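Across the two complexes that follow, chain A remains constant while its partner is chain B and subsequently chain C.
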Partner chain A sequence: MKNLIPIILILTSVDLIYAQSKEPALELNYTYENIGNAERRKVKLIFRNQESLTSFSAKDTAIVGEPKDFDIGGEDDKGRQVYKNSITGQVIFRDFMPRDGEFVPCIVADPMKPLNWSFSSKVKKIGKYRCSSASTEFRGRKYVAWYTEDIPVTHGPWKFAGLPGAIIEVYTDDRSHLFTLISINSLQDAEIKPPSDAQPVAMGEYVTKKEQAVTDFINRLAAALPRGAEITGVSTGDNNLETDFSDVVKK
Partner chain B sequence: MKAVLVLVIFLLTGAAQSKADALSAPAATTKEVLGSCTFAVNGTFNGVVVNVTITVSEVSALECAVMKAAARKALEPPKK
Partner chain C sequence: MLRLLLVFLLGTASLPGCTQSGVRGTVTDPSKKPVPFCNVFVQRDSVLVKLTATDKLGRFDLAPLDTGNYQLSVTSIGFRKHVQYLRLDVSVIFVEINLLPDTVLLDQVIIRGPGPVQVKGDTVVYDATQFALGDEVALSDLLKKLPGITVEDDGKVKFQGKEVKKIKVEDDDLFDEKYQILTKNLPADLVEQVEVLQNFSDNRLLKNIEDSEDVAINLKLKKDRKQTLFGDARVQSDMHERYEAQGNVVSFSGRLRLYGIANTNNTGEDPTGNADQLIQEPPSQRIPGRDVSSQYLVPVERPSIAQFKRNRYYFNDALLGSLQGIYRPSKNVKLIFHGYSFNEGADLVVANRREYFAPTDTLLFDEAANAHSADSHRFLRGVIELDPAAAFNIRYSARFQAHQGAINQQSNLNQNGVSEILDSRTHKTDHLLTLTHRLSEITALTLDLRYLFDSRPQEYFIDGNLLSDYFITSPASDSLTQFADIPTRFWGGELNLYRKAKSGKIGIRLGYEGLDQEITSALSSTQSALSSNYVVSEQHKTYVEGYYAWKLGRIILTPSASIQLLDFTLSDRGTDPLVFFNPRLGLRWQLTEKSRLTAVYVAGRTTSTLVQLTKAPLLHDYNLLAVNDTSFRKFDTRTLLAGYEFADWGAGFSFFVNFLHNETPSAYLVNADIEPNYVVNTQNQVADRNFSSLSFTLDKFLKSLHSNLKFRWSFNYMDFLTSTESVKASTNAGGHYVEISLRTGLTDPFNFHIGSVLEFASSSSSLIEARNLNSLVYFDVYFAAIQRRLGITLHAERYELNSIDGQPKFHFLDLSARYSVTPANRFTLMLKGRNLLNETTFGQRHVSYQAITTTVNQLIPRYVMAGVEFKF
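Then we have the complex of A and B:
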């Protein structure tokens, strides 16, 4: 009988682990709009326990914005992803980095601190959900989020996390970036794991290369022109979600 | 009738002569006007807005067009 006790214990724990892994995940589907880039994408957030994976779809080419002479960027079929784990504190994302005139996928462990949300007393109903409001600042932008505690999902799309319920919508104060929840599904066999199919790159290198690439691009443009050509008025704005990486790279 | 014939011959020979003059005349030379060539290119690179104005002085209209084409070529997206 004594010999049986450890076996029973092992079997019970295996059963518990199995039951845990079988717990269904929630799939929250958002649309993401980036007004400056005339960009709209589908964004899928899969959440289970304290772990989530956000995946951005390809850009919706039906959206036409202001005419541009060029729109240079790059991505593959897998696109951008963000993995978050609130237990380990990990934020690991997949993005594209300019390298040798190409855009290559990379995996970056983001050392970001948890977002510091300020809660307001504002409430409103969005669809069937009673929503509360909270705001935060992150890497150069101010965000307003509307979340509902009716859906127990503590992660939002992209790098948002730390609210006591699912984000129904979140947008920048200038409304240049907007995530809106479209639908929720339950998934039985969802796999949530960090992206791993690209070259790992340190966050500092990622930021430096991203910034350097713009200078390289302008230099490439200048080199294509004859001697004596003058390039002026290089004004740059930034349509990316993150515009200030001073928490990562000191200047 | 004789007067009419003389007039026709005069007109025909006159026309032929003027055509010959036109063919033998040296080609007209046009002096190229050189000026400043300024054009702007606007767009985004990896989500960053880039607005540049390019100015080249003392160029012809043809050279200006070639430069615009060269700038566009430089702006071709990198291969994936």
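Then we have the complex of A and C:
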């Protein structure tokens, strides 16, 4: 009986949707972990009609202990967002970029090409879903995704798209970045639209400013060292998801 | 004709690849309404070939496609997945798809596997294999890649800014607190898991119950690598006089683990970290009698120069050998041993000029000393750990320490040449037994029993007698000998109860301590005995202590107090029962995410030491005689320590303020009687001594200069009563320290650090009016290239000591260079140059309420060494 109630609810809601001629949407909740930055965020993906909006929460949870009190990414109430539309091919994202020493929100139309996935015959079960594996390379990192055709969502979190089912988990080959699906909900009146409440910036400018910010931060840390202390042999690894923008910006 | 046939055949063969074939269609719902924007895709052998979506009218187009067999799938939210198989030939086929409503609930929770980082209560576990990229050589390279962990240049590790106290290997504490050698040498590829243990307790049964803020790391090694022998070696020399050599060997083989270190140098470097601490080991553990030890009457520590590390002026010859090991005969038994031998000879050439203040006149002491010391230290520690039950353990440790030192010094005081010999020996044994019982999840009980014996016989000989006016003998003696020893015997037991409550942690301690100490001193000339002491003391102390670490939201308040009942018996003075009450209050307040306030208030009471209770004069130096106050005294002290910190690293700004105030309403005062050739320091009790200090530290990143500006100012002030030649006066002394510097944060290759330090000290009373101003300007250059495989550092310093006569300016230039021949630092070439401008001496001036002392030390001359380092 207990199991019947949600089914009835779903069926009722599907009927309601038709009655109101509203399209149903799915909300997929992921966690995103950036190991190098010791950061963990909640990521919400809302998908409907080949349109999706990914929203990153504020860094509410550090992987270890308290959140760090310095950040070179910037934060605000809206946070980072990615809007994708498979019909128009649009990818529009909201992020933060340095301007006069402050991180300010910006909106950028990303001219990225659709991801070129390579499919493998590997299959595994995650939770109750039978998942297939695919891999791709995107802006300096190699990714492995596990997706299931049982969930009719062809967009993944962030900029991932183009798989015939929902991404259950996707991670870099060094496992420094990973998105993991936690739960799925049906939504009745979700609004999916491109982010608009920030200044639009060209991709080229965004990339230049972003790269400069990382170098500045590392140099600032070095400058804060006491006398005699040095940073030697430290690999100043870039912990961003995207490290190579040569597909959109010529050097 | 044949050519035509060939063209036809080839054309036919290539038809499937170029012919327009594909699939088009419409998708509708059960009521035949079109379903817009649903997912439509075709797969071949389970591999996605093409993915598209329906338009507003539910139409889709999957052309062109190669001919062949396909699986066509249509998915959409609220509908059941539609799958059909197609065989495509040269034409485009049209399909009509009718989707059925889906009844499957989609709000499922996905079960996740373990990630690379897991937090289990206070323990953070990193799966090292998921972080290693293959370019790591030593453990420190791996630790740097773990989020939240930083590794400093000297190998010290910090977790979220807090220094890691210990690094254990497979739960074994092989290296104690000197783990830098491990982080710099343990090959990274041995490590499978790194566990960070927060709120760490040395005793596993006190975990989460004891009020501890310590952090430790435990390394889990890969099973197949535990049999490895590894280490490193480094040799440097100037091919003439100076050398440095160091080596480490580590072996993990089955039940026995060994770690060996060898180090030898004559560049003034201290291979033990701090050689003085080998003699007077600082108490670090919470054990009964942690402050109890014997002492040498004539100091054996060599004078130091505050501005420098000892490698500028310490003409040494050091040799250290150390072996540590752990043996596990069974699962519940662990044996730990650690032994070292350290020998060091050292030469110091010092000229002293002391101006003593007297009400009527100033007495000038001019002395030149040339001292040679030879020390040897032996140390052996054995530990047995038994875990007979899950909630019970026994730990027994025994330490044996021996020191033998000889100082041979030629001194010249006011043209009187004397020769001194000081022989010192230490024999120390220390036994500690700890039983721990974890009574429940929130309660634990420990019992510590300790026995300590510490004896430090010392023989002092001087071939002249500068004290002939004090000890008038007939005929006048021409040499003096002093024998002294303070054998100390301690035994005690302490019962600790730890309990974790909802709102904090509680600790209650009950203890008993017994202390037998005797002081023997005999000063004699060649003809007769001059002065002797023999005092025996017996102390019995019973005490109860308690603390409560009370968590109130963002505030942790820790009130604690101890009550002590002390029975003090002196062989020549009888028994004196005493009661002590020492309250303490600690506060930690996280005001905001970026600011924090901490404060501690302590009120305490201490008593005279046995040396302070001797009646006859004691010789502390060849011209320094101490005459003590003989009566047993109690001293009350009150201390307030407060600190505020604000750090906004994002804005590149941090600010720290610290304040310390100490009051000693009753204290000892040294009354100096100054004669032309010697000083007699007599102790009296006086009232009111206050000490305060305040310091500010500010860091600001200047965007326009790409540099960090650092400013540090500290101020201290002290007032107390002084007495010289029977004249009492109120003295106040104070000082300022100001440092301002700029360090660049530029992208390689070049970076700079330029700064200036000003130090001002003053002391004034009706007897003394003295001021002192020293300045330092420094300029450091850092150069890095070839992916940081080449690193060159140049340090330049200019000192100006305004109060030093003759040569008040000193210039130093040092160089260090490293080049890693192999990318993974396995083989490195090194160059090290010190004192390149070849300064021969360095002076310093010290102002006290008795005298102004100017000291000039001889320095290690210029040298340049070349060397190699390799790891195996």
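The rule we apply is simple: the second predicted complex is superposed on the first by the 197 of 251 C-alpha atoms of A that agree within 3 Å, B and C clash if a C-alpha of one lies under 4 Å from a C-alpha of the other, contacts with A are read in each partner's own complex, and residues count from 1 in each chain.
Please note the rule applied: contacts are C-beta pairs under 8 Å (C-beta built on N, C-alpha and C of every residue); 3 or more make two chains touch, one makes a residue touch a chain.
Everything quoted here is computed from the prediction, not taken from an experiment.
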First, second, both or neither for A:Leu225, with chain B first and chain C second: both
Touching partner for A:Ser183 - first (chain B), second (chain C), both, neither: second
Contacts of A:Pro98 with chain B and chain C, given as first, second, both or neither: first
Per-residue touch tally on chain A - higher for chain B or for chain C: C
Chain B and chain C footprints on chain A, overlapping residues: 36-37, 69-72, 101, 218, 220-221, 223-226, 228-230, 232-235, 237
Sites on chain A touched by chain C in the complex: 6-7, 10-11, 14, 17-18, 23-26, 33, 35-38, 47-51, 62-67, 69-72, 86-87, 101, 117, 119, 121, 126-129, 132, 134, 149-154, 162-165, 168, 174-176, 178, 180-186, 215-216, 218-230, 232-235, 237
Residue ranges of chain C in contact with chain A within the complex: 29, 36-39, 41, 43, 46-48, 51, 53, 55, 73, 75-79, 81, 101-103, 105-112, 115-117, 119, 124, 130-131, 133, 135, 141, 144-145, 147-148, 152-153, 160, 196, 198, 593-594, 647-650, 652, 699, 701, 703, 706-708, 710, 741, 743-747, 751, 753, 755, 778, 780, 782, 784, 788-789, 791, 793, 795, 818, 820, 825
Contacting residues of chain A [partner chain B, same complex]: 34, 36-37, 68-74, 76, 96, 98, 101-103, 210, 213-214, 217-218, 220-221, 223-226, 228-240
Chain A-touching residues of chain B, taken from the complex the two chains share: 40-57, 67, 70-75, 77-80
